[in-house]
């Protein structure tokens, strides 16, 4: 019942072009030591969709999204089973280098985490590590990314000043810009706007809509309206399980599972 | 124009009982070094109101709220002029100890900042520093505060475990609980729910409504709906100025200033 | 308004009493003063050192001309007929040892620190750090014999022209001795860079090395520089290793393969030796001590200058 | 549009192998450096232990120094070192942490503060021999303590003080501002915040840095020589104004004796010294674990 | 002072040996003399456990510094007191007595594989050790010896050993600049052991301990005989001129005022002969100790 969306898409490689999946999670389980944080997750995430992940605090949203680019590897004592395929390649396999995965899949975190460098260097970082040294390309990318994150106008006069001098909201937008600089295939966002004011939030949301043309986006949010506004699909997590995954319309207007309904309407209650 | 709300309340000490102000800000200016962050702020904040402060990122919301309990003192190189009266006492005067001010005025921060101690100790901290040693009072207060922050049920079995084991949302609720333990007169909240999921946000909002019976609450938020839902008054900040301060109803439905309208409607656009 | 007590909790009552009863905390006023006095101790220490050294140095310069002290290229105080007091050979000896030790210890120390903080498992780190810290406490005299009876023979196998006493072997061993200091303090600086910063870099597909070299290392730079300054200072001030393995012949020659003497080993030579009390030789240790003091002072100023330059970069 | 992005991305991905290789090579170099350091230090330890272990016996702990190697023991030196450290540790810890708190939390950014700070980092670089000269002049002579535990203890405390200060400062500086804000926000006074929030958070760092400094104090020979600590002491001190001898003095003396048995005794003495250091480090680890929040 | 009183004390002290003295005795000075001083202190404290004796090794000069400051009662020296030092003592109002404890025979040694050096004269020693600006070869010393450069190993210039060697051999001429100097005699032993063309000198005890690894060179004395250092030849004075006396200086006032110090001085002289041999030095002729005991007697 809860997994209708995925079930209807079995064997994605046989689907037509537009139905292609960027991520296909199959029977994923994850434990923090003894704590079973993700329970038998099955999710197929479509290319160029904005997929929202919602659910109450502690339900495993961050855990799941961190697994998608294997940032979860950094947490000691984590065990997983099941598979996640990124464009039909098993992300847990030895041949698939995490560095490649993370280059193709960008991430924006819940708390802003700029590098202790200048604004410019924060964005140039990704390019530099990837061996791009051409000053002009870097300069252009820095500006483009900052514009993309709706930050350019505020910082254009001080892009060589330390990033730590920015306000919380500005810092988070910088992190988004930093991620955009690499023009990834997928962008994972873990409550990217929870530290942003509405105007910036709006800009970022617009940006997400725009980026969607070219990128697939997976966004964790507990701003239900945000999910409703920007996403094509929504997955509702509860206690480490996917309760329901379907088009955002369905989830918000006629959810199949009563728990989804409770959660959604709790929001609007 | 912009300051109608305040102007209409000149000489608050002459008003009737229910019109009493907890905070009265007069011609407040604040500089970070050369950066003029608050410009001639005039605001009278009523007892037992929920006053919301809204405005775009970097407009000075956090700066203002930090000035109200003089947390701004911790930032080096800050200059202020003008006055802020807390219950008719000048908070900048020598006779008014900051410790007393901060005991009477609680604060919840933007980022969760629990102490690296157990959940229990986090809440007991405030009591202990104020010389309250009675175990029973402490125990009772801990439970009451945790319940108040809608956290009790989740943590009651592990209140002696480290607070850092909690999820982001849980941590923030713990910080609210910690603040409630001292039962302050005013509670300042700087985007207290920006790291909370909707269910917790709702609980906190309910809590705020409840607390309003006894406490005055000033809340910075960029969740416009939150402001609309819970506040009685709303101040709209822009570039360090108060553009408009009035009843929430007026601000959201018939703002006097076009900039307010732009901002508000930008939200819903 | 309702009576304040109506629904006021015991907590509020207690707080009310505290602030109404006059909140005057003398402790808050006294503590900074006490702490300032503590901070003054370190200043007094410097004053004490300067005074101690200056008095006897002045006595020394009654017998020996300052010009000779700074210009003569020979240090030969023990000649009964014609003693020469030119500080240069001792300074040179100190420089040689310090240079070799630094060239050896700084790269290795930083490599180990980076390895422990960025690559090694928590377990390895937890085991290695205390071990290194224990080794930081091994009496340097032990390192001295290690240099003389282990490193020197090994080096002489490779470079037969090396003399029994030389600058290289004690230089390397002084380097080994300061590695734990550099590793331990640099590792602290590296691992105190917040985890989210590290994650930010890794999430962009950077390798551990890129994260470490481009983000973590620059962020920890001031702490790392401090560890290096401390390590190098210990190299300058090291006494026993040099006394044992470098010989005690002050030399103005630039080569590293022959015997030398440093400022510190001269001081220990005289304090444990048989030179007469009250003689010029006896006072000369204070003049050498003073030079050493000025020397380390200059090194430190330089280090602070460099550190400031780096810190301003972002 | 799409093409540009793809091309760039592919180009970047194509470089990963090289970057990973670089990472691997550097990791290899770092590992080699670590292994090299470990091996050298292990060789050092092996030489000491194989030489000294046979000489460790109960008598060795029970006896005072003697001209006969087979009767010579380390009792006075071990007890003396413990007495000395019982002066060094509290003195340096209290002064060091106090100074660090003053500089980090109270001092204004004035020229005086900057000067004190500079003075501390300079002191950290002053050679131990010079501290010996200071101790001799000030504590032994001017204060008239003679070459006693208290004089040597204070000298050593001053020697390690700068390191303790710097380590404590680093640790205090690393305390997140948010925590201090939280405490102030609850109406805590400055000292309460320092005492209840800053110090507990900083203690692991302070302990780590200080233990390193104290280890140094235990193993330092030169200042003791200059201060004039005796080597032959066949009685145990009963107060801080008594004479004593310390481990490095005894070791130093034994290594310079002609008889090879004495050299072996020195190795045995070094093993004891290392054991003391390990003990101290265990205490540090314990403190670290006890106070570490995460 | 009163003869009767002193006599009584002495009687009690020698008779029963049972009188328990109390006090503190601080000894400091030369590290060369240290082993003898340590041995004496060790034995003395077995008899008089309540007398707390400490022995330091601050060097001869450092020892005198403390002696002058009145911090010690005995000051060990591996060379006779210098003019500056006795002047300072006079200025401080401290009268003292010099006591000789033992002889140390400076042993000239060469590598075990050195089969050509059979003996050396003082002139030859001087010829090789004094710097003449060029490298010295064995063949320069005596015809027929190999044409190999000599490697010199000498105690550091601030040691009593060097001081004495300087006095009798170098006579204030510059020591060969190629010489390797070390404050630690064990290091010199290492050097000579590992180098076939090495020559070095150091205290007798260090030779004794390393007999199997190095070869001692007989030195031709004034009488023209080549003599090897050993207990008999050093004590009898046949091994000359390279045997030197070791001293301790005692404060006269301390002997007069403190029974423990007097007893200690006495004990030292009575036992020095045996204890010095125990730690690798050579005792003086019997009558030397007796003479000095009488001096002490007179100071009480």
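We call the chains A, B, C, D and E, going by the order they appear; numbering starts again at 1 in every chain.
Definition applied: a contact is a pair of C-beta atoms (placed from the backbone, for glycine too) under 8 Å apart; a residue touches a chain by one contact, two chains touch by 3 or more.
Predicted model, so just to flag it, every value in this text is computed and none were measured.
Participant: For chain B and chain E, which third chains touch each of them?
Facilitator: C, D
Participant: Strictly by the touch rule at the top, which chains does chain B share as contacts with chain D?
Facilitator: A, C
Participant: Report the chain whose CA-based centre is farthest from the CA-based centre of chain A.
Facilitator: Comparing chain centres, E lies farthest from chain A.
Participant: Using the touch rule from the top, work out which pair, C-D or A-C, shares more C-beta pairs.
Facilitator: Pair with the higher count of C-beta contacts: C-D.
Participant: Can you work out the whole-Å distance between the CA centroids of chain A and chain B?
Facilitator: 31
Participant: Can you check how far apart chain C and chain E are, centre to centre, with Cα atoms defining each centre and the answer in Å?
Facilitator: Comparing mean C-alpha positions, chain E is 38 Å from chain C.
Participant: Taking the mean of the C-alpha atoms as each chain's centre, how many Å separate chain A from chain E?
Facilitator: Distance between chain centres, rounded to whole Å: 83 Å.
Participant: Scan chain A for residues touching two or more other chains and write them down.
Facilitator: Only 99-100, 103-104, 111, 129-130, 182 qualify.
Participant: Could you tell me which residues belong to chain E and also touch two or more other chains?
Facilitator: 31, 57-58, 62, 184
Participant: When you check chain D against every other chain, which residues touch at least two of them?
Facilitator: Residue numbers touching two or more other chains: 12, 16, 19-20, 189, 225, 255.
Participant: Could you list each pair of chains that touch, in label order?
Facilitator: A-B, A-C, A-D, B-C, B-D, C-D, C-E, D-E
Participant: Quick one: in the complex, what on chain E touches chain C?
Facilitator: 30-32, 57-62, 64-65, 68, 77-79, 82, 84-85, 87-88, 156-160, 162-163, 166, 172, 174, 179-184, 187, 190-191, 194-195
Participant: Which positions of chain A touch chain C when the two form their complex?
Facilitator: 69, 71, 74, 76, 98-104, 106-107, 109, 111, 113-118, 121, 125-126, 128-130, 162, 175, 178-179, 182
Participant: Quick check on the complex: what are the chain A residues that touch chain D?
Facilitator: These residues of chain A touch chain D: 97, 99-100, 103-104, 129-132, 182-185, 214.
Participant: What part of chain C is in contact with chain D in the complex they form?
Facilitator: On the chain C side, the touching residues are 25, 27-28, 31-32, 34-36, 38-39, 41-43, 45-46, 48-49, 52-53, 107-108, 111-112, 114-116, 119-120, 128, 130-143, 145-146, 150, 176, 179-181, 183-185, 188-189, 192, 205, 207-210, 223, 226, 229-230, 232-233, 236-240, 264, 267-268, 271-272, 285-286, 289, 292-293, 296-297, 299-301, 303-304.
Participant: Any idea which chain A residues touch chain B in the complex?
Facilitator: The touching residues are 55-58, 110-111, 154, 167-170, 191, 194-202, 222-225, 263, 266-267, 269.
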